[in-house]
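Take a look at the structures listed below.
Across the two complexes that follow, chain A remains constant while its partner is chain B and subsequently chain C.
Moving on, here comes the complex of A and B:
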């Protein structure tokens, strides 16, 4: 186990450094595989979590390396579907999801921006993406991916 | 990330190796493309065969490099797009923006049959 990650009960605590992203990816990849996802879905989940944590490092902690990122993995049942839930907590600056305007694809050709594509990716890669922030509480991003049934996997 | 550079005629091939994920990695590509433009290069192939991981910052760097080259009247085309990157391109619809090829040779040859427009891009 790397020194910058301490796992217990499927929770990892990581430092707010980009060098820690690889360990976050490994942690989530291992958990997603154990949950039953195939390689394609594992790749999607890992990338979504990577994007969320990158945003936390860059925007919530503004590249300060002394912040903490908690990544918790759990499961839930929703209308008969088995969901893999990744909850990411930080204590940096909150993300104002309510006032965020996602970029349009053509905006990237006219005026390339950094970061905006990450949120588009997260929403496309996962089934649910929720942000929450309240005074005195950690910022929380909740990412959910449902296991596909055999029939769904076969169709795709 | 390391970045190799070679020439095939008047086409420059850039081969990044490793992860294309953040400021340091991505700025190397953008800096190199700007240097190439200053030197007069207008045909660039970005070979993705040795990229092991790419995130939105990496995609942003590719878009930025393409935009810089388009503004200079040139083009940046992609070779050896892996399945993982192709999947990201489908999700983000960036396959509509980049010209992609299965090999460096095909990408380089495309500049003969389909040369860059040489006009300023959308503004």
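Moving on, here comes the complex of A and C:
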């Protein structure tokens, strides 16, 4: 990681309680605004992070309130695009992304699976979503959203 | 702490739920309880007004999924109204407009219930 990128990192540490979701949203919203996103993209990033943290609280920590969630924001350059990176770390049960099968959209009404909606949303709202888990290391979710250029913003 | 409240009004045979604040995994159980209470009182014609709702996550959407089959089985429905564009976009991303009737105005949703009369055994259970 380049030295200047490391200096720009910000990390918030939160307890694994749903009461903390609002503070997590405030933290990410502030950082995304400072990065230069418009209100629409800030809303998408905030929701994706909320979904990730909700799944951590419910599934990784199984609603145990004594876990910790670290939310780190940083930036990266990728093919000339400026990316806002949110890395979320927890030490709960790992999520097996490789074997997860999301529900088909219109199966919701017949077979409600509430956790599955969050994963679908994260993938729709962000440009990149990656999970990683290794023995002895925290579980990591990496969410990336690229800043749109003026031309892209005008087209959308 | 998220501020979230649910107001309850009755218009004829229709129960209107006014959502206010932020609906996330922390506050979704409050809405769940209100809807469960209404279903327990055999009120199956529900209109949910989103005018004062500033935020929703999938935990909030999940509440509607949880009850929709039950209310429809009893001849009712959950109709959604007055969403801000940002809240509507979240429903739209997940294909909810194909599953739920979403109206710009509450009066349209109430009117839709009026034009589809409830089963005879529901008509005396307005309050």
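One rule holds for everything that comes next: the second predicted complex is superposed on the first by the 147 of 156 C-alpha atoms of A that agree within 3 Å, B and C clash if a C-alpha of one lies under 4 Å from a C-alpha of the other, contacts with A are read in each partner's own complex, and residues count from 1 in each chain.
Rule of thumb we're sticking to: contacts are C-beta pairs under 8 Å (C-beta built on N, C-alpha and C of every residue); 3 or more make two chains touch, one makes a residue touch a chain.
Worth saying up front: this structure is predicted, and the values here are computed from it rather than measured.
With chain A as the common reference, chain B cannot sit beside chain C without a clash. Using the contact criterion defined above for the overlaid structures, shared-chain residue A:147 touches neither chain B nor chain C, since it reaches no partner. With both structures placed on the common chain, the touch criterion links A:43 to chain B and to chain C.
When both complexes are overlaid on chain A, the residue A:118 reaches chain B and chain C alike.
By the document's definition of touching, neither partner reaches A:26: not chain B, not chain C. Contacts of A:133 after superposition: neither chain B nor chain C is touched. Once the two complexes are overlaid on chain A, the chain A residues touched by chain B in the first and by chain C in the second are 18, 21, 25, 40, 43, 47, 50-51, 54, 105-106, 108-110, 112, 114, 117-118, 120-121, 124-125. Note for the complex: chain B touches chain A at residues 21-22, 53, 55-57, 59-60, 63-64, 66-67, 70, 84, 87-88, 91-94, 96-97, 121-123. Residues of chain A touching chain B in their complex: 18, 21, 25, 40, 43, 47, 50-51, 54, 105-106, 108-110, 112-118, 120-121, 124-125. On the chain A side of its complex with chain C, the touching residues are 18-19, 21-22, 25, 40, 43, 47, 50-51, 54, 57-58, 105-106, 108-110, 112, 114, 117-118, 120-121, 124-125. Of all residues in chain C, only 1-2, 22, 24-26, 55, 57-59, 61-62, 65-66, 68-69, 86, 90, 93-95, 98-99 touch chain A in the complex they form.
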